[in-house]
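Look for subunit A in each of the two complexes below; its partner is subunit B in the first and subunit C in the second.
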Partner chain A sequence: MDFGLTETQELIKASAREFLEEKSDPAVVRAVADGDSDAIAELWKDVVELGWPSLTIPEEHGGAGLTFSDLAVLLEELGAKLAPTPIVESSISSWIIERFASDSIKSDLLPKVAEGEVLITPAIVERDASWDPESTKLAATRSGSNLVITGEKRFVAFAEQATHALTLVRTDDGEPALVVVPIWKADGVEQTPLKHSSGVPVSSLAFNELEVAETNIVATGDQALKAAEELIAAGGVARSAQLAGLGRAVVDATVEYTANREQFGVPVGSFQAVQHHLADMAIAAKQVNHLVHSAAWSFSREGYSVDTAAQAKIAASDKIAALCWTAHQCHGAIGFTWEHDLHLYTRRALAWKTDYGDSAFHKEKLANAMGL
Partner chain B sequence: MTVRIVVLAKQVPDPETPPSQFKIDESTNSVVPPSGVPPVVNGFDLNAVEAALLLRDGGADVEITVLSVGSEFVMDAMKKPLAMGADRLVLVDEEGLDKIDSSATVKVLAAAIEKDGPFDLILGGRQASDWDQAHVTLGLAEVLGLPLVSLVQKLEIDGDSLSLQRVIPDGYQAITAPVPSVLTITNELGEPRYPNLRGIMQASRKKPEILSLADLGLSASDLTPKLELKKLYVPESNKQVELIEGEDEADSGKKLALRLREEKLI
Partner chain C sequence: MRFEFTAEETNFKSQLSAFLDDVLPDDWHGPADESLDDHWELNQSIKKGLAERGWLVMSWPKEYGGADSSPMMNTIFAEEMAYRRAPGHDRFGTRMFGPTLMRFGTEEQKKTHLGAIANGDIQWCQGYSEPNSGSDLASLQTKAIEDGDDFIVTGAKIWTSLAHRADMMFMLVRTDPEARPHKGISLILVDMKSPGVEVQPIVNMAGVHSFNQVVFDQVRVPKTNLVGDLNDGWRAGMTVLNFERSGIDYAAWARVALEELVDYVNSDTAEVSAAKSDPSVRVKLAELHMEAEAARLMCYDVSYRQGKGEIPSSEASMSKVAASEVYLKVLDYGVDLLGMYGVLEPGSDQAELQGRFFKMRMFYTSGPILAGTNEIQKNIIAQRGLGLPRK
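And then the complex of A and B:
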């Protein structure tokens, strides 16, 4: 059995690495963290030209029809360069729409997503900061052939750039529903940008009697909960892929630093205590990498493995954030300065640690899946 | 009418290989392939691929064939021109062909072009980043008896005529050349495009056409080298730091300038 990347994946990896080296350098990452939305738009335009938003969309809807495993390869590279671009948001939203929505929603939205005309971002979390779909309170009242939505969603990534949100609501009969909601300059939607450690735009969305056609409903009842569960699992694995790339980049940077920084006339990397740190970091990054690819492989048009998805996010959340702290130890004082790029990685890792559920959330999923 | 273009491409060690991983085996006068760093297509050859693609973007009906001579090809690297938009990949692949000199390479390329031709344009990078000799494309023009224009930064095709800009130290020359011609493309043409997802998928589906020396009517005895490599080594470099101190910045600057002049560096 060949556990290596396929030829397509190798080409995706090489192409992404080369592109991001030039287009997502630390200056761009810092500019976006400082609120430069033009930098996001410029990068997104290039990303759309490369066809990345179309990666997992089926060919019949204008996409490339590639797999979640192929997506994970791209996401690792995006994570390694901290690319401030909403590929995770767009990809998992279109994945869920393809899996659960009606043919009319699919044929209307997916070709536009593939072309970059439409950008859909998930909006799941509310005031209680929970990723549990059962805790949804955002109210949607039926009015004729519309839903009237009132309430709030929080921590919505790239909401400023998105045209639509894929959001979970609770209808007046108490049933959950997953709905595609147009948010771009929409009356009845107020965006409040949040100060966020991730370094990318994150907002709260306040819906004030926003009318949305019932035809925008992707799924209702148990099917809506199932779709939301899969959305969170897919988001968790996608973030884990980015964390795997981030971890690899931090390990590489730390090895390079300790190989060159001299103390007592020798590189600090020659000290056994530092070597132990580096070995632990390398092992952690590789473990996450393997778990991510195992989890990504389980996603198909028929479903996914709850166990492996949870395992990947648990490991990524815990190990990569810890790896970043160890990297600061190995870098010494320079690693704690604003001018050094290491804090960009650490802050992103801390933000992604809780995104789509932290390790405690996914441990419960794993325990349930194991029948405990 | 379809313009048939062949672009010469060479697999080379990645120029971004960290210096610490660059090793030479002095007993065999050869570079030891760095572990974990896959080879790449010579960057200047990608400029040549880009030149061909720009003709297509400009409305010309072109068929782009990428031709390479070597062995142990890494397909993920060699398929990059296909992912950029080239139509075919032809590899003359036989053990030892990655070690032949430029005159033998010219012989093999000429035979492959004659077998697969005729071509309207033969494009190559200005030089290869492994040896930087810039021999092969020039020699190929000589062997094929075709006009050669080197260091082309812009090209347009109109029927049987090419309008070219050739880079010179203080500007460029405007040149008209006939079709067929051989051109070397320089990096002033612009950055090669990044492969998009559609291109990557098309490249994955295409199989390279593999030729052997026998397919070209050649044998190892036809490839006797004309160059002899006497010695290959990494030059020693000594890093010494000398701090120049002065009473103030202006004084330090003056002393630095004097020191640099003493060393004949300025």
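And then the complex of A and C:
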């Protein structure tokens, strides 16, 4: 057992902290939440230069070839600063493409992802809000060497910025397929932006007879389901890493506030009732952190552990959201204001807990893994 | 980051497991508590077996008969023993008193006592809490007055596990009533057969005699039994608590109890057959499994940090709180899951899982109370870990 960071990870952490301190301050976070897409573009340009979208892309495809654990370390820092940038979306899409797609898709797309020319975002959920790949309805009809896609995907993060969606369709033979679909300014794709508590662009995508070459298929049938399962597991761990960072940041901010806010002539953080809230919050944040690292590590190996991936997302979803509510209680009235930044964190935590399968979804997965 | 054991650790774990297969009775379900009269012989024989294999004090330095094993290895040992609910690893002697004596004892004291602990020949008990000094331990009042070459000890210790089986007690006594609370305390060693020592059994809410009150009426203790300097016993005494405070036992007990519940739910012979098709049962057991694994990782993190030479005080407190709480949640849920059967006590006709979930729930009410209540642990986390101001 080794709970320490490697040299590379320490480096990632330090450089991310330094960069985000300046580039993802609450003013930027608020601007993006208010619809400022220039701010997203500017941040994205910088993070591409830092090589973050290509962290786990193999070197042969122009990436840094680092591990999922390394990615988790970066994501914690992004989560801690609520950085409004699609690293999870891009990294998870690349991860699945690397694991499941043909060599020609990989060598075509992955170098472009690394250069920031292509941004791929997962589009899995439909109208029923289910993350179960089996429930996919989006129709893809074969026409010559093309697929013609008609239907809807919902809750697609950064669809406004993405050049492609990695989406799950059902072909006319009733089989599921995972396909990379160009969506950037595409005829036949209509975006409906949602007012989403994550504070980043999230849209529904309506496909109207969108033609996509068959060569864009990443996987079909059982292999597509397998890829989708891994996408959800990896995405869940990635979101959990962001939530872990977010939780840590909220604990730190609450310690800072209660250690300085005075009532009855003493800091409120000297009261046992407040200290015990904070001790519980610190325990929760630490537990999520450990579970995320353990799950991320399993992705750094051959295959991954369904068991630990589910544990991480259950814990992150439930514990970090609860921790945020306790932080509001510890902040008193000031934490109830729009002006105070705490609700930015709470909003994000509530959004992320629904993403890549919520707690109930992953408890079902975990129960299966436990032999129940 | 690496979340697996080394080959050496895995190998040790399977050797220990094989040993326990041999020595534990078939269909053994505990209880793990080493103080229970029913299992005293088993406790002694396992202790001897562990000593023969060099495992009983493997955490000790080589010069004292140990193997200088790593904190992670010690955690694996404790975890496997707890997972199998095996008695016999003598926490008071091996984990608490021995290491304290190595640090604070005289050469003579070490020679007298350490070998006996390592061989599994002697039973120690811990005399800390008093009827009026629990969480506020430094207020303790049992006094030791100097009289020639002896101390004369008068007072009472309480919640003393194993006092009725112990040969010796390491105890904190007040040697300077004028000094500030922490400054007038000393650590001394008392032979339990000394005239004036009276052990009064206390039965806990599970109906088990596991601890005692020990009354001292002018008990003579030679001054050579003072550990460390006079009036400097608080420091030595607290060292013991650092060894005591880990959540790994609870994390392991939670894991094995959960496994039993999963097996029960899946079993075709369970009386509560509806549990099998109840989705809320799946959800709850999955949630508890996550909690138990989270607590387990916290304990491993403590060992990892200790291995690097840190003293992870706040992390150790976190692990104790998290693990003792999840264990009770598992036991609570076990009692609930068994429904009407959940309140049948061991020995009852028609009891499911031998009534042990009810009994364990009663017994481990002590978890969040003993070895520093969870409230005290949270004070440590908030003040030492997070740096919040003391009042």
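Convention: the second predicted complex is superposed on the first by the 367 of 372 C-alpha atoms of A that agree within 3 Å, B and C clash if a C-alpha of one lies under 4 Å from a C-alpha of the other, contacts with A are read in each partner's own complex, and residues count from 1 in each chain.
Assume a contact is a pair of C-beta atoms (placed from the backbone, for glycine too) under 8 Å apart; a residue touches a chain by one contact, two chains touch by 3 or more.
From a predicted model like this one, the values you see are computed outputs, not experimental measurements.
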Check: Are subunit B and subunit C a fit on subunit A, or do they clash, once the structures share the same frame?
Finding: fit
Check: Who does A:11 touch here: subunit B (first), subunit C (second), both, or neither?
Finding: first
Notebook entry, point to check: So, does A:287 touch the first partner subunit B, the second partner subunit C, both, or neither?
Noted result: second
Next item on the list: In the overlay, answer first, second, both or neither for which of subunit B and subunit C A:271 touches.
Entry: second
Checklist line | From subunit A, separation angle of subunit B and subunit C (C-alpha centres, steps of 10 degrees) | finding: 80
Notebook entry, point to check: After superposition on the shared chain, which partner residues are touched by A:19: those of subunit B (first), subunit C (second), both, or neither?
Noted result: first
Check: Should A:127 be classified as contacting the first partner (subunit B), the second (subunit C), both, or neither?
Finding: neither
Next item on the list: Quick one: classify A:142 as touching subunit B (first), subunit C (second), both or neither.
Entry: neither
Notebook entry, point to check: Looking at subunit A, does subunit B or subunit C touch a larger number of its residues?
Noted result: C
Next item on the list: With the two complexes superposed on chain A, say which partner A:45 touches: subunit B (first), subunit C (second), both, or neither.
Entry: neither
Next item on the list: State the minimum pairwise Cα distance, in Å, between subunit B and subunit C in the overlaid complexes.
Entry: 10
Next item on the list: Jot down the residues of subunit A that show up as touching in both complexes, subunit B in one and subunit C in the other.
Entry: 6, 259
Check: subunit B touches which residues of subunit A in the complex?
Finding: 6-8, 10-12, 14-15, 18-19, 49-52, 54-55, 64, 66, 259
Note to self: Which residues of subunit B touch subunit A once you look at their complex with the stated criterion?
What the structure shows: 20, 75-77, 79-80, 83, 194-198, 200-201, 203-204
Next item on the list: In the complex, go through subunit A and note every residue touching subunit C.
Entry: 1-6, 9, 69, 251, 255, 258-259, 266-267, 269-272, 274-276, 278-280, 282-283, 286-288, 290-291, 293-294, 296-298, 300, 308, 310-311, 314-315, 360, 362-364, 366-367, 370-372
Check: Quick one: in the complex, what on subunit C touches subunit A?
Finding: 1-5, 72, 262, 265-266, 281-283, 285-287, 289-290, 293-295, 297-298, 300-301, 303-305, 308, 315, 318, 321-322, 375, 377-379, 381-383, 385-391
